[in-house]
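The structure appears right after this line, and notes come after that.
The letters A, B, C and D name the chains in turn, as written, and every chain counts its residues from 1.
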Amino acid sequence: MLKTTILRTKKPRLKNPILIEGLPGVGHVGKLVAEHLVEELGAKKIMEIYSPHFPPQVIVEDDGTIRLVRNEIYAFKSKTGNDLLLLVGDHQSTTTEGHYELCGVFLDIAEEFKVKRIYALGGYGVGQLVENESVLGAANTIELVRELKEYGVEFRANEPGGGIVGASGLLLGLGAMRGIDAACLMGVTSGYLVDPKSAQAVLKVLSKILKIDVDMHALSERASEMEKIVAKLREMEEGKTPVSSEEDLRYIG
Amino acid sequence: MLKTTILRTKKPRLKNPILIEGLPGVGHVGKLVAEHLVEELGAKKIMEIYSPHFPPQVIVEDDGTIRLVRNEIYAFKSKTGNDLLLLVGDHQSTTTEGHYELCGVFLDIAEEFKVKRIYALGGYGVGQLVENESVLGAANTIELVRELKEYGVEFRANEPGGGIVGASGLLLGLGAMRGIDAACLMGVTSGYLVDPKSAQAVLKVLSKILKIDVDMHALSERASEMEKIVAKLREMEEGKTPVSSEEDLRYIG
Amino acid sequence: MLKTTILRTKKPRLKNPILIEGLPGVGHVGKLVAEHLVEELGAKKIMEIYSPHFPPQVIVEDDGTIRLVRNEIYAFKSKTGNDLLLLVGDHQSTTTEGHYELCGVFLDIAEEFKVKRIYALGGYGVGQLVENESVLGAANTIELVRELKEYGVEFRANEPGGGIVGASGLLLGLGAMRGIDAACLMGVTSGYLVDPKSAQAVLKVLSKILKIDVDMHALSERASEMEKIVAKLREMEEGKTPVSSEEDLRYIG
Amino acid sequence: MLKTTILRTKKPRLKNPILIEGLPGVGHVGKLVAEHLVEELGAKKIMEIYSPHFPPQVIVEDDGTIRLVRNEIYAFKSKTGNDLLLLVGDHQSTTTEGHYELCGVFLDIAEEFKVKRIYALGGYGVGQLVENESVLGAANTIELVRELKEYGVEFRANEPGGGIVGASGLLLGLGAMRGIDAACLMGVTSGYLVDPKSAQAVLKVLSKILKIDVDMHALSERASEMEKIVAKLREMEEGKTPVSSEEDLRYIG
């Protein structure tokens, strides 16, 4: 395999589809949201994308079988609003040029389905535990910025300071060149841990935007499990102080 | 040399050949097994594979002559069962894209000889010294998983957690796309040392699968040499306590 | 996007244009000068250059919109002397080959406009705070070296010792091959901080060379802000000594 | 410049030329020898080789002019024996693939001049200061190994253990594929410092092999300068002990 290769099922007919990207990234926020959507909506896989820009690696499944690392596109036919295309996967490109090539492939697929709007999902790592979930936004048109503000998406000058790196960033940047409106929804997260709580916050905003009803049970369960782990981590950290003050007391006494 | 290049002898006629891959990797387990097979079976070299994806390096032989780093294919004509193609070499690709290209070349060769089955040999590093040898498996069809379980190959959910990286992984993943059944046999090993004992374990399983009789003498000799080294390492580590307590005694006395 | 791509406005007619390059580099000296010139002269953007050799990244603007990282060419029509082409941007190439490719693109543009002279602006990092600003030079013809000496540009044997790396260096080196005279003006700078004071020194020399009058207000304001920061950094560092000598006094007393 | 490019003078007629390679490497041994030969023999430059695989960099000459990093071929017409082609340069390739491409270019040039023999010069770093200079060899035919032994070149089993990396290695390895005899002469050196003394040892052997008389004055001067530096380094290192024992004496006294 010398080139990026797409295996595809028979092409489904989709009504004004919106593309949702949730590839791995900071806190795996985008990945958690997109994979939750695929599962809850019962979306159907229509494409597998393989590329020499992905790591030379296979995933071992629970039954001992393997599969090559890949990206996938799922389709969801909505009864009420826009149909959805969902882009998920194991990895992003390992090379700079590969990022540009793969996002070109993703946008070719978007154009093939006449996609007019893309939501790229991700996390924004702030380097410390986050108390109040919030969703930061960026978009490739000012109209889309205004629209998203109405859904509670926050826009802060100079954030994210380092710009948006990888597939999410390029889908907005290269999307603009093809005239496709695209926004990035970034769950604010520590950046240290997989963050299902931040994913919940992103999913809440996204389901309002898409006007779809998604059961959040699975995600909120993972979030409370994660909260327990975080609580334990904090306890352990704070625990140091009482222990050492006890020692002080003993010493003084 | 701008492209991967194959030098070949006259093509041998092979009966239902099985491809065995043993390129360098974790604990050099796969390499030890495949090179042992080449030697013990008296397999004949039929191809040398050179590539700009290998390091820009020559190996210096004991007599002062050199040869470019390469991969090699050996052929073994069996009197009883399947003939064998054995893939061995000095290095794997140094680049991500090179891994995909080279595995494509290996699979082209497999198809040329109408190979229906591939065994990729490797090591699975667990980060600590291993007491009881075992062989972990992964395969690109569920039938092959079942078949291998009967030979004592172990399949554990979530192992190897990081998937299988490099040529062994890609031969399974890209092999599946070409309809070639392929399995990976991984000797469980510390990952810190070249491990002929783990190689023995893999060879035992493999020779049962292939229904061939291989003299393990050379490999078991290397394994007992290695055991002595490991025993010494352990002694030295454990030795620290008695030595320092002796010093304590002298100090007290 | 698999190749470097140029988006361009209608081609302006330029009179004997000189190309000024100010891409990011040591102390951002070149970038500060070139962007200051674009702003003060009111130069007009005529090209945007996008490339898979740039990082896969978008910049988020203050209003929440994004744009792909890029290089830009601005044109300034002078009433008195040479017209100017100004090359500015967010990033240089991330790969070695990309540097050669992009500088080839820049020189194609220079040839398209019949550019006869290039000034590549940069910083020369000396590893310590610089008291007296100076501008170090290098050029691809000995005549140009002589000419620049008359403007106070310094040429020191063995400096910069490591040569000139990146776009500035290649514009001189590859420019020579196309018969375009090119010089590099390097503001001497610590290399640790963005250095608008060094940029001022470069701009003074450059405006004399170009015989243009540029308001330096904005740049000198940034420079005095930066001087305050540096003064504070020094105070903090020097502050350590009085504090420790006070401790000494207490100790002696 | 997207490809390796050769600028050349009118092709000289050469009698049975031998190619000598002395690109930068361990201890710059090969570079010192080859550049010394170019200078002492008054060899003439016949080619400049530029490549996007070299660092994106220009060298600043003492007069303030620059030149792109490059490799060069010099020709020397001998009155007595074989003519010489000398390959020298600022850098080797920065990428693995580039090494293979550039050595292909070098060998194309060798074939163009009907070169039958190549000597690749380099250093073999042993990680400690070397008392007695020696020259280690490797060759791409056993006949050449035998021939070199008669000139005092040493061949040791398992050395160099890591093989020969870079242009020197590939000229031997890829040379063999084109039927060109090639040997590597490696001056044993610490690997920490530029080593003109090791270069002298290599040059002595090489001039015997080539049956040429080369004035070693310049090289031996550099070598004695370097010896002074090394002697000083040793003094400083050994000096630590007496100084600290003096302190001990004062303390006791």
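Everything that follows uses one rule, which is that contacts are C-beta pairs under 8 Å (C-beta built on N, C-alpha and C of every residue); 3 or more make two chains touch, one makes a residue touch a chain.
As the structure is a prediction and not an experimental result, all values here were calculated from the model.
Using the contact threshold fixed earlier, the set of chains in contact with both subunit A and subunit C is empty. Counting only chains that touch, the fewest steps needed to get from subunit A to subunit D is 2.
When each chain is reduced to the average of its Cα atoms, B sits farthest from subunit C.
When subunit A is laid over subunit B using CA atoms, the rotation angle comes to 90 degrees (nearest 5). At the interface between subunit B and subunit D, two copies of one sequence, fewer than half of the residue numbers in use are shared by both copies.
Mean C-alpha positions place subunit C and subunit D at a centre distance of 37 Å.
With centres defined as mean CA coordinates, subunit C is found 53 Å away from subunit B. Multi-chain contact residues, meaning those touching two or more other chains, do not occur anywhere in subunit B. Pairs of chains meeting the touch criterion are A-B, A-C, B-D, C-D. For subunit B in complex with subunit D, the residues that touch the partner chain are 1-2, 50, 52-60, 62-69, 94-95.
Touching subunit A in their complex are the following residues of subunit B: 93, 96-97, 99-101, 103-104, 137-142, 145, 155, 157-160, 162-167, 169-170, 172-174, 176-177, 184.
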